[in-house]
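Consider the two complexes below, in which subunit A is the common component and subunit B and subunit C are the respective partners.
Up next, the complex of A and B:
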């Protein structure tokens, strides 16, 4: 099972890195005479209404569909782990200030804020990604903080304090490795959430300019072709689903094996 | 109840052929160290084995086979015929229900308040208000009494008590044991007492079975077993039990650690750790043979009597005049609870001072204040040297070996890091530290998960010593360890010979470890003085209660 999950995500990663190079056709090359056609030997997943090869567009779009969520997950994980550890270990006013801010942030309707931000700033996709990372962070801060609270009371953490080790060393060398199962699992979940949310934004037509090869955008642009070439919209939707499921399941498994092995 | 040929296996063999019989009107003790399979035997006897474990053999109650019976059959047996009393009274009671509701739930027939109060009175709770209280409003001893009343509410013929007093204070422990004995006699029921503590089993039981690596190695009446153990393992355990009566010049444990039942299924379970083992012992599994009626052993040989090291007089250690710790008027309150109500004490260089007291006496808070983990409300703490940082002057060995080492770091990394906090001159290397606590140098590469409890505690001691502190605080360092390992760790702490503040609830342990003794009760020092004098002739009523509650040494 685990091998399958890793294989799925590995293939997705290969597509994301080398997709444009692997694509059999130029993803932007149009064949208006052909139009939307069903799968054939020449076009394995058929073509869209402008006669562009669906498979090539999927491969070329893997980059933007996967890289941005990875970036969101990375930012969220680094931010939430650092701030959560800080709040949970320092306590006092640092904790109070941070947690009230988190409460406020969680009270905001996230997706709506995102749509407004992207709408106001326009096509700057990077901004959408940054906003999304900031939106995901507060929830994870809470999780990391509560785990830190539990760990700091354990004898090994007290022993580290008794040895007079600096706080940063206790936080990052002693506490952090014991939070690793949760950190890994929650970063994979952030990836999934970002993948789905960004695809959703593309589907709503917000974010990437029309015509860019991107999975979310393809679902939206080709949904009118369900009778001519259903694969043009089903394939990208299916890819999003498969990658999201694989990442979620892998997160679960990673959590279990990390909390069992070595650490306890 | 009769248990025969009981085998329990999960991923490996855990219990390997246990035969045991409990009749009504008799108390049988099942004694073993952690991992011996005693608790699983009890669980199998009540049909409560954890998921994934399988039991074969036979468990019969009044001639009726129960092993493999349907859950419906078990339900008709549990509570009414066989009851289980467990270790942790807080986890056993539902925090949302009152004490009375717990008892009423299991009553058959009359369920009125008068009957509930009568049942609570039977376990020594005379105050009728207790019936209306919730578990968190009760002390540990009271909770265990309520749990006992609930377990007995349906008048079972057999009570299985799994470590019923391990989580309790010494004084409470004694009361609960006496209560169980009284109830057993009054009701004429059978009791199967499961415990790791030989002293407890010997005090209470008519017959004791010693379990080791999944099988019973010796069985017999406690008086005989104490006088002349017929199995080297029992002999070793008896020698390892510390006594409150005198200070032993040497504490003797059993070398090595408990193997799993699967490793020794074809040999004598104890052969690898036995001083008397011969080649026969490793060839075949010795049967449980009968020496006399009621007296069984699984050893092929006559057990050589252990030479108890004779008292070599109290070797006084070099105590110089200068102090490494002086605490004056230390106070600390948590809300309305007074943890420390003005405690004063001092420790001289080279001296070992014991701090004893029940739970809630403030002894751990005292340690945490000295370590700087808790800020006292008032009072002063002076250490050996006002200039050097606190962490180079005082270090601590914590109680729980399962959490005292960082599971993510190797032993070597832990020790290197700790040593780097000490003075720069003559820094100790991990290899030197491991050697100091009697562990192989190769352990530096291991993680805590690969060590046994006793080994982890040794590493924790090495870590504390790595900065060459002037004072070592030991907060219940052996409370979570098996008896055979306890002795090794205590002996190690003696050899180390730093000044020590030794915190414990166990008077027998403190007798072995401390030169001077401070008795704490409710955050106040009630008595202090030379260990031998205080324990032999306690002056304060609380100390007398503590001393009286220690089970007699076998």
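Up next, the complex of A and C:
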């Protein structure tokens, strides 16, 4: 099972990196005379209403669909791990200040904030990614903090403190490896949440310009073509679902494996 | 079964039957649900001059004159009119007409209803229709005299659209909020407003004291369903009986709906590209001509109209061209689709290697699709458009403020067969100011003078002056006409109605099929 999940995500990664090169046609090339056409030998997944090759757009869109969520997950993981460790280990006013800020941030409706940032203020996709990373971070801080609270009372942490090791060394060299299963699982879940949220923003027509090869945008632009070429919208929707499911399941597996002492 | 149980079962069964039969009861045939794609914002044309609002206004408010099936002015609240001189109209008011609350209609009501559009306190969106009006006064009980600053042959057609009559007392007390959900409106039309909410829609009920033919429908409810697919499914399921929210581009999905007939008729509209002639590379006429040559208008038209429209040949809606010229459209300068000619024009400009340009568009609707095709065509000659999506409201506000305009896709619908409804929007300097529709910014003292002269021209002179303006627009290319489409209405087969390009009483014409 794990091999299948890794294979799915591996293929998605290859498409994200080399999709534009693998695409059989220029994903932006229009053929208005052809219009929306069903799959054929020339166009394996058919074309959209501007006569663009759906397969090429899927491949070219993988980069936009996957790279941004990876960036969100990376930012979220670094921020939440660092701040969660700090709050859980330092306690005192640092913990109190951070946790009240987290409470406040968690109370905000994430998708609404994103729509306001990107749609109303007109911040663009980069701002959406930044806002998403900031919105996802508080929840993960809370998880890491609670685990740190438990770890800091264990004998090995007590021994490190007795030896007079600096707090930063105890947090990042001793406590962090024991939080790794949760950090890995959380980062994969952040990736999934960002993938779905960014696809949702694209579906709403917010953020990316029309015509950009992007899975969420393709679902939105092609949903009116279900009677002419259903693959134009079903294929990107299916890819979002498959990648999200694979990442979630792999996160579960990674958590279990790492908790048992190593990835098997 | 005991008698108690039997009695209980009988009661439950009876209740169940009653409930289920109530739920499945077919809707009364004198009641209809109409869905619009956009919500009406005001039932006063002064503040709700848009398709969804005017549809309802025409069912509630009578105008002094109307348009017949050919688009010619015809009597409505005015039974007749005379012109004592070319700049004066004397309207005779229909006798015995009452507002829906029973109050008699007076000449003072009618005169005030026009005069208020000239009042800056009202800030009427229809004010531009009446810029030539100098004075409006009631003459006795039964006549209204309108004096124009100069003769204006388009005045009657404009009046058929925008001179809606409301009680003076009501309009005077509410210069800014007449027609709002809080104030509502009142008219002499075939229906009266029973409910108006910005969120839950509008309900109209038959005006039993209507002076004309009694409407066949007792009640019409207006809902807003913005998503085209949801709207189509609502019509298919019978939840909605009729809608004008049919995109002709999706006509194939509507024509096959069981139990629904889709009616197409010529639309008085035009879709075009506006080029901001005062901004960046678009200042250069060679660049504008290059763009005109580069855009494959036939392909864009075919894509957007799906056989229910045609490429636009001039900057006027097709019905207006037909009304003015008949079949004898004059030869106008053309920029046919020709990539080599486009490159040659660009080579003569200050930007022979092309340039980059930001192009905002509304992220919902057809704007994105048109701009994608335009961007692809322009890329062939080295003009790289960076498309900037915005939510529709934000985009509209930006465009109406003439904020950072470049290449815009615009689609406008008009109400009359008179070119004077359109041309000032396109080339007058007044319309180039914020809130005006001259998004290109093209215009000069000379074009203003031409428009001024055209306003009072008649016959062959009028044709020649319109031709001169259209020729100038085609040569200077502040706009690139793209296509015009049919209008379309989907109607449940249980109902029938009369729809035509110039009709202003579509709602009143609705009736159960067979009647």
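What we mean here is this: the second predicted complex is superposed on the first by the 258 of 264 C-alpha atoms of A that agree within 3 Å, B and C clash if a C-alpha of one lies under 4 Å from a C-alpha of the other, contacts with A are read in each partner's own complex, and residues count from 1 in each chain.
Criterion: a residue touches a chain if its C-beta (ideal position, glycine included) is under 8 Å from a C-beta of that chain, and two chains touch if they have at least 3 such contacts.
For clarity, every value in this text was computed on a predicted model and none was experimentally measured.
If you put the two complexes together on subunit A, you find that subunit B and subunit C both fit without a clash. Touch criterion not met for A:108: it reaches neither subunit B nor subunit C. Seen from the Cα centre of subunit A, subunit B and subunit C lie 150° apart once the structures are superposed, a value rounded to the nearest 10.
In the superposition on chain A, A:49 makes contact with subunit C only, while subunit B stays out of contact range.
In the superposed model, A:97 makes contact with neither subunit B nor subunit C. In the overlay built on the shared chain, the residue A:162 is in contact with subunit B alone; subunit C does not reach it. In the superposition on chain A, contact of A:6 is made with neither subunit B nor subunit C. In the superposed model, A:178 makes contact with subunit B only, not with subunit C. For the three-chain overlay built from the shared chain A, the minimum Cα spacing from subunit B to subunit C equals 40 Å. Those residues of subunit B whose C-beta lies close enough to touch subunit A in the complex are 371-373, 389-392, 394-396, 398-400, 403-409, 417-418, 421, 447, 449, 460, 463-464, 467. Note for the complex: subunit A touches subunit B at residues 154-156, 158-165, 173-174, 177-178, 180, 262-264.
Listing the residues of subunit A that touch subunit C in their complex gives 28-30, 32-33, 35, 49-50, 119-120, 122, 204-211, 221, 223-224, 227.
Here subunit C touches subunit A in the complex through residues 228-229, 250, 252-253, 296, 299-300, 302-303, 361, 363-364, 368-369, 371-373, 375-376, 386-391, 394, going by the rule given at the top.
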